[in-house]
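Listed next: structures, encoded as structure tokens.
Heads up, the next two complexes both have subunit A, just with different partners, subunit B and then subunit C.
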Partner chain A sequence: MLSYIIRRLLIIIPMALLVVTVTWVLIRMAPGNFYSSEKKLPAAVEANIKKKYGLDKPVIQQYGIMMWNIVRGDFGDSLKYEGQSVNEIIRRHFPYSATIGVLAYILALILGLAAGIVAALKQNSAFDYGSMSLAMLGLSVPNFVIGPILVLIFSLWLYIFPPARWGGISSIILPVITLGAIYAAYIARLTRAGMLEVMRSDYIRTARAKGLSEWKVLLKHAVRGGLIPVVSFTGPALAALLAGTVVVERVFAIPGLGNIFIQSVLNRDEPLILGIVAFLSILIMIFNLLVDVSYAFLDPRIRYE
Partner chain B sequence: MEQPEVVKGASLWKDSWKRLLKNKLAVFGLVVVALMTIAVIIGPAIIKWTTGYTYDFIPPDGDYIKSFPPSLQHPMGTDDSGRDILARVLQGGRISLMVGVISTIVSLIVGVSYGATAGYLGGRIDNFMMRLVDIIYAIPYILIVIVLLSVFGGPNTPQWIQSISNSIGGGEGLSQIILLFFALGLVSWLTMARVVRGQILSLKNQEFVMAARATGVSTPSIIFRHLVPNALGPVIVYATLTIPSVMLSEAFLSFLGIGVQAPFASWGSLASDGIKNISVFPWQLIFPGATMALTLFSLNFLGDGLRDALDPQTRKF
Partner chain C sequence: MTRISLKQTCLGIASVAVSLFLVSCTSSANNRFWGRTVAPTDNVLRYISGSEPESLDPAFGTGQPEARVYMALYEGLLEYHPKTMEPIPAIAESWEINEDGTEYLFHLRKNAKFSNGDPITAKDFVYTFRRSLSPELASRNANLGYYIKYAEAYNSGSRFVRDTNGQFLLKKDLVKEGGSETVESNHETQGVVTEFHKFIDSPERLTVKADEKERAKQLEADPKLKAAVEGKELVPVRDEDIGVEAVDDYTLRIKLYQPAPYFIQLLPHQLFRVVHQPSIENFGKNWMRVGNIVTSGAFKLSVHRPYDELVVVKDPNYWDAANVKLDAIEFYPLEESTTMMNLYKGGRADAVYNHIVPPAWLDEIRPFKAEYMDHPEAANEYYSLSVKKPPMDNLKVRQALSLAINREALAQFRKTPKPLSNFTPDGIFPKYDEARKKVFGEKLKAENITVEEWSKQRLFDPEKARKLMTEAGFPVQKAGNGWSCPTFPVDKVTLNYNTAESNKAIAEFNQAQWKQNLGITIPIKNMEWKTFLPFRAGVQYQGMARNAWSADYMDPFTFLNLFYSPQNDGATGFWDPKYDALLDSANKELDSQKRLEMLATAEFQVLQEQLVIPLVTQATNWMKKPYVKGLYPNPGTLHAWKFVYIERDPNKWDVNAENIMKDEDPKVEEQINRVKATMIAQR
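And then the complex of A and B:
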């Protein structure tokens, strides 16, 4: 188990470097430059800019310098936010995205698990149909529609929560609900399907045959197995969290990393794009590893060498 | 991709169809999707015929406020420029549904060929191909879409996309939207490739494949004529669920201002235009948003129903 974890951790570094390389190739494939605009720059100015950012060197050499710096953990300075290092920008903006993301995920877990388990135990009941239709609705309404409608109801009509900006708990509630809704819907559906499958499996029959109470069967045996699909969802969900938070950050004017990332892509801010992509890909890979490791704890039948 | 031969044992499809019809929610989804498709195809012409409004008709009078609430004349109200929202929602539906269909077909072609090839060849090639999928997974798809749009957009638009655009009567603007369909398809094939690869892995050691190989059938032919048709069930199911997800992606891109541009409209771009005025003119968001939500809702139910119908093992749920 330990050697498996170490091996997976070691693979993360070359994989992240590959991701950075592919991203760099993608950025370089697109025509234009971060300094190009409607007006054409004089040749001398352009030459100076190229020299300053090392763009006059051969492409291979540029790639080598960039990779060498990245290996040492230095992504350089942002091209648009002058004088600010990429590491600094990520450190400053990530906490906002992380706070909202984690809170939304906790909310989604509580709501989704509860709804999914109850729906599975009372299959084909009114609660089952009601909660699953609600979950389907959560999957079908884009969150940039949910967000503004929540603002309309709770901020503009009822005056309960502020419509935007960051500050205090009351300003977090609407973004967290907006972001959490879709995850809650996913988790509820996955939990229900997983629980239905597990409740029919042999080991649950064995547990019942041993004379365990229904509660013990449910909590000690069924939930652990039924959670596996939910856990596998967690890894990709984190990747989707970036895209999800962008909308929430836009709608609620939160200075998070998602918005910065979109801006950096539109600005062609190469160091910042590479920094954020590398940061997120490492995060995703670590989460995927945690997911795989947690399988072994949830289901004793799964082993890693 | 070659057209697969007629699948043997048509009773499977008949059976599945019967099972699908028993599922009330799936039938509801099917009916709504069918009605929505018809409405979107003939709706704009009917509106133009009865009230004279089109998606880009701006009334010439110089009123200060042009966005009117729903009325008999404008069942969904009008937008900032005074354009009829119903006409725009119907016109936008054409683009939104086209995104769903075209992008899904693109992702289907790429994902199925890629996954089937990796799964059948196996070994190092499989390992390399699937690691590549992992790497592309880790790159935010927005970045890939933006790069694809800027590499192949504007003056660099491939000739064949321009000719498609011209053949359906659109110009420069429409060709950019068609490009967007392809770009979205090219970022949505990853999961499809994984699904297909898994299916092929479990199929490739069966006797019929060995028999095909023994009789000297070529590798591409084994993959596309023998293996892929047998993996069709999960592929269809996953494709139905890809449609709503690419429609959401398009809406998201339009929300960011990268997707569909005015005077063209999609449900996503209409909703994101409506967000700006939510406090004053809520109908600008609510009608396009609700239309889109209803369609996605139905597509999801239909996809779920198809999964249950085509895969009898999950029927017990």
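And then the complex of A and C:
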């Protein structure tokens, strides 16, 4: 088990560097650059900019310098935001996205698991149909619709919560609900499906035959197995949530990483793009590893050599 | 067991949603103001300023969102008038310009201070100008300072050429120029004569390029120049060579290489706002952080949380602090216009920046006359035409495509802009509008048509469009209820635009116009912004490319300059030395009315050659709460914040924004007059 984890951890670094390289090539292939705007620059001004940022050096040399710095953990300064280092920008904005993301996922887990388990146990009941219809709705209504509707009701009619911007608990309630809704719906459906499958399996029948109480069967045996689909979903979902979600961050004007990432691409802010890509890919790989490890605890059939 | 079917659930939810929506539509229209309108109890303005500023260094940021923040933090020699954006005194109390318009003498006020209490002197301005123009800083705005003598040479790292006797080679002896010749120093000097002034006022020195390869190319092209430079010493142009001089602590002299009547309009620009040398040198790249930053404006930085908020507070060291009415401004950098509108409606922002109200909302917003700002902007929108590529190389094709667009209908469809048949926006430069009327009238006499009729026809004339298209060799025929033009090469003409909902709507509208009035279906194509820029600038497109321009300074030259020099921004492929010469001589003209007439002549050429298809003059399109006073819909949406205040008496709130520019607010007028008093006294 331990050697498996170490092997997986070791592979993260070369993988991240590979991702960075591919991204770098893609950025270089994209037309336009960080300093282009409506106004064409005189040749002299453009030459000054190129010199200042080392863009006048041969491309291979630029790649070498960049990789050497990245290996040492330094992504350099943002090209768009003068004087701010990429590491600083990620450090500053990640907590916003992570806060909203974690809270949204906790909300989604509570709602989703509860609804899913109950729906599975009371299959074909009114609750089952009702909650699953709601889940279907949650899945199909995009968050750029849910968000504005919530804002309309709670911010512009009732004036309870602020319509946007970061500041205090009241400001994060609407974004957390907006973001959590779709995940809650997904988790509810996954849980229900997983639970239904497990409840019909032989080992549950065995457990019941042993004379265990229905609660014990449910909590000790069924839920553990029924949760596996939710766990595999959690890894990538949580990574994506932590990294920030563009729509919710834009609608609610949250200074999170997701919006910054999109802006960095539109700005052709190369160091910032590379920094965020590297950060996100490491985040995703670590979460996938956590998911794989947790399988071993949930499902006795899974063993890692 | 009761069962609720899926259908019933959906129906229930849908009906709730619809009823909520209906309530939202009816609830607001009954009120006098849009959304929650309660004047704040403190003197704090909450302003939505656009994207996160790229930098707090005024020499660095190029956009309007930055400019708005810089206008709070930094002050220059001059400031924009809050209504007209004409330059008014700021740190310079008064100024004198010599008769040929190449030398400016500024008298600085003696009580101006930085936020840390250091006095602001002429030396600080010299530092600021040199820094803004230094190649190492690589400012993208540097070219705005190129009118200053040797500024371009310094910024591009050029070299003077010195012979063995220690004499510098002069430009007039070696370089023949099309229109512009160097100005001789046959004028009286402004202020005292100094050693530096003798140097800067002497005939312009020759400069050659710094880069060896480029220099070789430059010399290869001109054998006489090559012979003269051969074997001579090359001396780099240094920062102290540029034409900015501190005559004494409170007198600044600026020397231009040629007259530029709009130079004075440029001076409130952020590039020329004064920065604090010791803190920049002390803190290096961290000088802009809270705690380190030293500023020169009416406000100083208090909080900066990128992408969230930037708070500035009134600076007690500011020379005019007694008349700064706001205690603080909270700038909210946001990207999403719906979010901005929500914050505004929810009473959590007092004003938003320009172009924010989405077209779909306008019918709801427009009745709120006290809040909605719809004044013309110093900005136009047009399609650049690839005038060197067939079939667009045919003047008649270009004219036909332009005349086939119903601009009145387009403006109505877009709801905010005004139709434009000229190139320079209408109603922004009143004196220029007059000059244009006179010049166009004279030019049109031969054609027996008045300016009004001519302009009206240019807005939409489908009959003439079809005639011209037919004459161009692409006959337009009647086809059922409409028209067809089978021979027009639609494979060679595309309308390209940068991805944006509004651009798409306009492109589709115009596409329908051409189809309807000429029977031609022109393909339209969108592109991501940064991909579009080089594509358009290099005239790689065939046919048409969406373009727009907002004024750098309040003079029509900022628009006409788009067709000046071979590397112009017009993105059409057009270049005409005669056009350049006309603009050059206009800028040398000392009589301002005559100058405007010469500029109008140049614009007439642009229109006659139909280099572009003008579409609209933009509208400012923003909102402010009625209790915010002194904040005007000026043509650039750039606000001098010290004139802004919060009015708590609802009887004095704005009632109709249409009159806001004409109505005189005694509080603001008094303040403007006091600032301007020094300027008038010394003239």
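Everything that follows uses one rule, which is that the second predicted complex is superposed on the first by the 299 of 305 C-alpha atoms of A that agree within 3 Å, B and C clash if a C-alpha of one lies under 4 Å from a C-alpha of the other, contacts with A are read in each partner's own complex, and residues count from 1 in each chain.
Criterion: a contact is a pair of C-beta atoms (placed from the backbone, for glycine too) under 8 Å apart; a residue touches a chain by one contact, two chains touch by 3 or more.
What you see is a predicted model; the values in this text were computed from it and never measured.
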Partner chain(s) touched by A:51 [first = subunit B, second = subunit C, both, neither]: second
Partner chain(s) touched by A:80 [first = subunit B, second = subunit C, both, neither]: second
Which of subunit B and subunit C A:152 touches, first, second, both or neither: both
Dominant toucher of subunit A (residue count), subunit B or subunit C: C
Which of subunit B and subunit C A:296 touches, first, second, both or neither: neither
First (subunit B), second (subunit C), both or neither touched by A:173: neither
Contacts of A:260 with subunit B and subunit C, given as first, second, both or neither: second
Contacts of A:15 with subunit B and subunit C, given as first, second, both or neither: first
First (subunit B), second (subunit C), both or neither touched by A:42: second
First (subunit B), second (subunit C), both or neither touched by A:281: first
Overlapping contact positions on subunit A, where the subunit C interface meets the subunit B interface: 30-32, 137, 148-149, 151-152, 156, 250-251, 266
Touching residues (chain side subunit B, partner subunit A) in the complex: 131, 134-144, 146-147, 150-151, 156, 244, 248, 251-252, 255-256, 258, 268, 271-272, 275, 278-279, 282, 285-286, 289, 292-294, 296-297, 300-301, 304, 316-317
Contact footprint of subunit B on subunit A as seen in their complex: 15-16, 18-19, 22-23, 26-27, 29-32, 136-137, 139-142, 144-145, 148-149, 151-152, 156, 193, 196-197, 200, 239, 242-243, 246-247, 250-251, 261-262, 265-266, 273, 277, 280-281, 284-285
Footprint of subunit C on subunit A - complex, ascending: 30-33, 35-45, 47-49, 51-52, 77, 80-84, 89, 92-93, 125-126, 129-130, 133-134, 137, 148-149, 151-153, 155-157, 159, 162-166, 250-253, 255, 259-260, 263, 266, 268
Residues of subunit C defined as touching subunit A within the complex: 1-6, 9-10, 13, 17, 20, 23-24, 27, 35-36, 51-52, 54-55, 57, 60-63, 135-140, 142-143, 146, 152, 155-157, 211, 285-286, 288, 305-309, 332, 334-336, 338-339, 342-343, 345-348, 528-535, 537, 548-549, 567, 569
